[in-house]
Amino acid sequence: MAKLWSGRFGENSASLLDEFNASLPFDKLLYAQDIDGSIAHATMLGAQGIITPQEANTLCEGLKQVKSEIQEGKFIFDIEDEDIHMAVEKRLTQIVGDVGGKLHTARSRNDQVALDFRLYVIQSNKQITALLRQLIQTLHDLATAHTDSLMPGMTHLQHAQPINFAYHLSAYMAMFMRDFERFDSSMKRNNILPLGCAALAGTPHKVDRQHVAKLLGFDGVSLNCLDTVSDRDFALEVLFNISTMMMHISRLSEELVLWSSAEFGFVTFSDAYSTGSSIMPQKKNPDVPELLRGKSGRVFGNLMGLLTVLKGLPLAYNKDMQEDKEGVFDSVQTALISLQILIPALATLNINVSKMRAACKVGHLSATDLADYLVQKCQIPFRQAHHITGRAVALAEEDGCDLSELSIEKLKSIDERIGDEIAQCLPLEASMNARTSEGGTSTNRTKEQLDFIASWLKRA
Amino acid sequence: MAKLWSGRFGENSASLLDEFNASLPFDKLLYAQDIDGSIAHATMLGAQGIITPQEANTLCEGLKQVKSEIQEGKFIFDIEDEDIHMAVEKRLTQIVGDVGGKLHTARSRNDQVALDFRLYVIQSNKQITALLRQLIQTLHDLATAHTDSLMPGMTHLQHAQPINFAYHLSAYMAMFMRDFERFDSSMKRNNILPLGCAALAGTPHKVDRQHVAKLLGFDGVSLNCLDTVSDRDFALEVLFNISTMMMHISRLSEELVLWSSAEFGFVTFSDAYSTGSSIMPQKKNPDVPELLRGKSGRVFGNLMGLLTVLKGLPLAYNKDMQEDKEGVFDSVQTALISLQILIPALATLNINVSKMRAACKVGHLSATDLADYLVQKCQIPFRQAHHITGRAVALAEEDGCDLSELSIEKLKSIDERIGDEIAQCLPLEASMNARTSEGGTSTNRTKEQLDFIASWLKRA
Amino acid sequence: MAKLWSGRFGENSASLLDEFNASLPFDKLLYAQDIDGSIAHATMLGAQGIITPQEANTLCEGLKQVKSEIQEGKFIFDIEDEDIHMAVEKRLTQIVGDVGGKLHTARSRNDQVALDFRLYVIQSNKQITALLRQLIQTLHDLATAHTDSLMPGMTHLQHAQPINFAYHLSAYMAMFMRDFERFDSSMKRNNILPLGCAALAGTPHKVDRQHVAKLLGFDGVSLNCLDTVSDRDFALEVLFNISTMMMHISRLSEELVLWSSAEFGFVTFSDAYSTGSSIMPQKKNPDVPELLRGKSGRVFGNLMGLLTVLKGLPLAYNKDMQEDKEGVFDSVQTALISLQILIPALATLNINVSKMRAACKVGHLSATDLADYLVQKCQIPFRQAHHITGRAVALAEEDGCDLSELSIEKLKSIDERIGDEIAQCLPLEASMNARTSEGGTSTNRTKEQLDFIASWLKRA
Amino acid sequence: MAKLWSGRFGENSASLLDEFNASLPFDKLLYAQDIDGSIAHATMLGAQGIITPQEANTLCEGLKQVKSEIQEGKFIFDIEDEDIHMAVEKRLTQIVGDVGGKLHTARSRNDQVALDFRLYVIQSNKQITALLRQLIQTLHDLATAHTDSLMPGMTHLQHAQPINFAYHLSAYMAMFMRDFERFDSSMKRNNILPLGCAALAGTPHKVDRQHVAKLLGFDGVSLNCLDTVSDRDFALEVLFNISTMMMHISRLSEELVLWSSAEFGFVTFSDAYSTGSSIMPQKKNPDVPELLRGKSGRVFGNLMGLLTVLKGLPLAYNKDMQEDKEGVFDSVQTALISLQILIPALATLNINVSKMRAACKVGHLSATDLADYLVQKCQIPFRQAHHITGRAVALAEEDGCDLSELSIEKLKSIDERIGDEIAQCLPLEASMNARTSEGGTSTNRTKEQLDFIASWLKRA
């Protein structure tokens, strides 16, 4: 078939070129955005008198029909059409006749793809924030029951201080709230109409870009056309925001994998969200968090890929930029399915409260409490208190017991300034509830955080 | 020397470990943030009665002396001190005596490093936005004189349509304004105090985090300590924002390199911002934009590096996170020096207006105008108009002239519907000024954009 | 459907999990490798008496039938089968009955996927090297006619010294020969059988791994099973080798884009390998090299992605590793189509010899020759010669001519040691042919390089 | 100071440009390579009669003096010298007078930096392989004592089958042997002299590149100068090889961190290779493996950085390429110190054999043995055997015991085909030693692997 741009060409393009060049195999995903954009464009062309109202109407009706055909699977995509814009327009012209050729008045594929892709990214941002909200709600629901379920707080994967499980989940809620905010602010920053830029420098037609912006729900129109057809910042932003979110998910996943191990045993995935082994019949594998953790790789790679594509490109559109979409599609789909699976996997997770509590008895978790006691009650400078406590821990290790189980006599043998009231400081609940500073782990402070998040959820 | 944490250890650390483990060689860059944070912390400890007002005062005075010593180059950094926190505290204790040991009450290195690093990133965001503002001002100054300097607008590095040079610069101003907005919103999002989180779960001391936040200029305090000591989102954000900005700079740089070539000849760098060759005496090399383009590599790499570090880390602090800083320092310093050099290099750039204009006569830049004429005046559907124009271009190529130089007779021989008024459409200025849609390249629209940017600059 | 591993599970897996977990949508690409591996495995099981010869035969015949069904598009893939291994085995069992269940004796999906994937990568390496050989041959064919076609050799995109076009192409041949060697040596290094490792630790069955290795064309068997099922070095290597090759292609592509511009005009792509614009009828765009340049992004991203996936994974197999394949498939397919399109695009490229030659007259390309003359004939230390030449260039610029056109009198006015024989040094051919050191650009040296490459091509 | 290339420049360079442009702050690391290369170059110039033997001798003696001055810390680096080449040459000229200016005859900074950097990378490859050899030896020493120390082999971090600890270490030895081979083959592939290429196209001087190659220990000279001055494949290779090696180290580190946790308790780091907490006196943190794991980030980032720099660069040298070195220096130094610290940390690691053995009793590690028994002894197809075993595991879980502790009666109640000889299959040692296939975990097979590695170590 002759290409729509083949007027000055003496020779047909090589068929391998068609395959290499075409974006249709992936950009057909954008058909709805493409058609919605064309309907708005045609409507505006009609309103401005660039085409007649009847022509506008014919185009809009034809476009709706094309959309239906695609949605119903009746549309035949032909790689010779190069891209979704051409594919839609060709079919439109078959349906409405020559007037179809007027749709492309005052626009170019450069600003058309900029529009379709931007609409897709904005809509994806919305889908992701909706799921993030659900995820935070799920974590919140799970946390509510566990504001006094003790677990070992860790640094360096070593037992550090006793915390409660709700508090641990609350840390992840804080991360996902930041993620939400990043997607949301990116959506707002980029909610600007690109259409009307034509190939690179605007158009002599008397278009009304504000009208199109309003029809499509944009907050404004872009400032400079040359920039607009070359701008993929919105795509980089969604790739980065997904990367950061998946990094957070990879951290949660790592913990879920650890907690599912025989050694930890803190949680058990429901059978519906576990898998088995083809060779080892006893296995119950935490495939969900493992895959979630692994999926950080592809989304980091997609971010790096687009940064590389854009590096060093002169203005305005270059064909390299066709490489912008697949990575974004992949990252968005990864983000969506990751959230979709994480939510029910968490909602059906079994928490082994007693195992968590038992683990708190290993590792002298109340050592900091002893040090704090020495500082607060005995007026010992912190650095000395740290040394004294270090010696107490060494003594407990020698005796094969936890620091909290060391007798008061033994404690006094380390430093005579230690008084009897130390007995109130070292139990695990006491230790957890002692951390009452703002943002701390005490049950009250944890509840305060959950309340804050609950009210955030109402607003989000 | 005995480590501050060596109470329970039976053996000294290997000296290679000291070297491997120490962050002092790079985190000493944070001395001012560390000391400012400590002064605020000590002030609050005194106000809360956790230490006496006198002790607080002694600590603050001692800390100020340490700061002076560092600023004056009198401070001796010793790798055995591990990190800037320990180095400062050790010297403080030498100055003020045992009371120095009270400074670390109610905090941990985990939240101290979170504070120092966050302060650094926030301050860096501010420095970068200040320079971005200057860069935009410089581009604006340069553009003002060139709103009717014709140049070939390009896509695919092929001449496409005539634009003006101010319009081209305006595209970059739009990019840098988006960059500005990203740094600025990141700074606001992350302007939250981490201190007061202690190791991971808060502290039993009666600290007042709001007080510390106010002293240090933060907008609030962090929600959950476990998250806070593990959170490096603010660092990822600055790495991403720098990457995107340097990507924009790499595009401008690519164009500056092209424009400096013998083939383009559009611009000439001033001697002060050019370099020569050690072997080829005639060379004048655009080293500045080449290096700027190349520096995209290191900042992309730093972003990828930190994402990798954070992937899969369990809560809360892990030593891996010590790897967070060097990449950020490197990216920030790259961003700052890149902006600092780009601004004067642009301010002293010579624009070869006549070469740009001459280039417009190559490549049939007014072809779109012919097509638009056919659509608007002759009511020919765009797709047909495109074909007719393609044939006109082929004819001009045969005749060895530019489309704008083809006689009206020849044009009419292509399609008889072409009328005499085509003579007003094809000249290059006319073509440029025809693009009057919002965001378009016509001189008036370009001035409108420059006005918008001027008022943005007043606000920024 | 009940999963093959569902013996101990009380609950069916969630259907979203099936979708999330399944690798079948992408690993079905490995069906041939999977079936070939299974045939070899069944043959060995029969030879070892682990199954009877008849059973082995039945399995092999059944497997061949499955392969035919897939090749003929008759096979129905069902996502519930999870992966290609299960899909093949289920169909096999439908065909051959219960004996199908014996195929999985003494192996696990872990070593099966390791086998399939490794076979795929080895075969891909071979396909890529075959195409690289063709690419080098194409460049060699193109170069042969141009060993004295002058063009400006550039550094910093500034004219530096005259070279010939064959010499420029020869630089790329050298790059692609290194690429060839890397793929080839990676293939040899990794041509080691993984099968026989079972899940992680080997099998108690009396398997003969050497036999399987021989049947499948491997050079040996892997050393340690735990390593083997976790090893993806071969995949990283192909991702890196493709990245480096695509980096080289991006450099050639950048030059082809530049050379196709109106400003350079050194080459013209054939119509069969060019595309047009939907809005600007005069455009002929170098989409092929632009896309090739852009495709560096995805392959760099895929490399980064897999490195991220593997970072920090404990032994042995973890589900994260399922994320290893899509990026490799994408990079391999990108490499193959990129080479397939680059070869004919270069073979049909038009070289504008006269434009290249004309460009040599701009930029004082023989300046180094003047400097070298001063050193060799006038015994002037190089650094002084460089300064003298710099002054001569400045004089030529003042006079608006090329250094090679400056009169001998003027040259002597710069430094009286300059003699008449300088007239033989400064012409462009003379300058090019003066560079006779090994690896230099003189026509003779260039031909020597082409001869070397020709003999390499015979061996490769 | 006037730059060496300033002959044609009317204006001095801006001082900020000097700072921005200079590579001296980092490339001074290459002083030894630079001077060694210059000595070889001067020697060849003398031998070829391009300079007199006396001049050659004077230059060589002067260069040796410069080297001594740098080694003794007496050399003053001045950023105005731009790079190490200029710095060395300037000092040389101060020492030997005007003849110093002859050193740069027949070469350019472009091929000089290519030489210095290549020498550095080749030498770094050698240092790394020497340390890798030590690391493998250390692992081998550690393994020798543990060929029958049982530990749970894991997949998905779930207990899978019993293996021995030596076998687990052997997996890492296999990885590091592959790393060794990659560094080694890269070194051989790239051991080719770049010098003699001058700026881009060779030199008219009668240089003898083969002579220089021999003096510097290269195996040959490069094919094409244009390629040679632009080639950084050797740098990419070392960055990739380090990335892969650090990925392996990150996996080992992850395991060491897990094994050091209270939950696992498989290993304890010696005090000399552990660190403590400033706030929690009881902590003993595995900082070494955490930092090693984290250092994967920077080396992945450096690889991505250089790929980005090189993407899309036209031939030949561009200033962007100055960005090639810092990332390589950082990755090489990271690789060296990582190996240096890992070796003694492993050599002094305490292995808690009894904890590892105890862990084997959790998770039904002999389930595969039951399945294998059913297949081998009872002729049950594997898939059925898998189901039967799944039911046995479920029964053991109900009874709260390990599968290996289930009575024969209970086993028979699952499937009556199970005979008494099952009692010999299920004990843990029996299970481990049953895996006798090549590469398997049985003690004999493990020893076979250790023997293979021992003989490899003798050769390496």
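Letters are used for the chains, namely A, B, C and D, taken in the order the chains are written, and counting of residues starts over at 1 for each.
Throughout what follows, a contact is a pair of C-beta atoms (placed from the backbone, for glycine too) under 8 Å apart; a residue touches a chain by one contact, two chains touch by 3 or more.
Everything numeric in this text was worked out from a predicted model, so none of it was measured.
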For the interface formed by A-C, which of the candidate pairs A-D, C-D or B-D is equivalent, sharing more than half of the contact pairs by residue number?
B-D
Contact counts by the stated rule: is the higher one at A-B or B-C?
A-B
The distance between the C-alpha centres of chain B and chain C, rounded to whole Å, is 33
Starting from the mean Cα coordinates of chain A and chain B, work out the distance between those two points in Å.
23
Multi-chain contacts in chain D, i.e. residues touching at least two other chains, fall at 4-9, 104, 110, 155-157, 160-161, 198-199, 258, 276-287, 290, 293, 296, 300, 303-304, 307-308, 311-312, 318-319, 368, 386-387, 389-390, 393
Which chain A residues qualify as touching chain B in the complex?
4-9, 98-102, 104-106, 110, 153-157, 160-161, 163, 167-168, 170-175, 178, 181-182, 185, 189, 196-207, 209-210, 221-231, 233, 236-237, 240, 243-244, 247, 250-251, 253-255, 258, 293, 296, 300, 303-304, 307-308, 310-319, 368-369, 372, 375-376, 381-384, 386-391, 393-394, 397, 432, 434-442, 445, 449, 452
How about chain C: which of its residues touch chain B in the complex?
152, 155-161, 257-258, 260-264, 276-287, 290, 304, 307-308, 311-312, 359, 362-365, 367-368, 370-371, 386-387, 389-390, 392-393, 403
Spell out the residues on chain A that touch chain C in their complex, using ranges where they run on.
3-14, 16-17, 19-21, 85-86, 104, 107-110, 198-199, 270-288, 290-291, 293-298, 300-309, 318-323, 326-327, 337, 340-341, 344
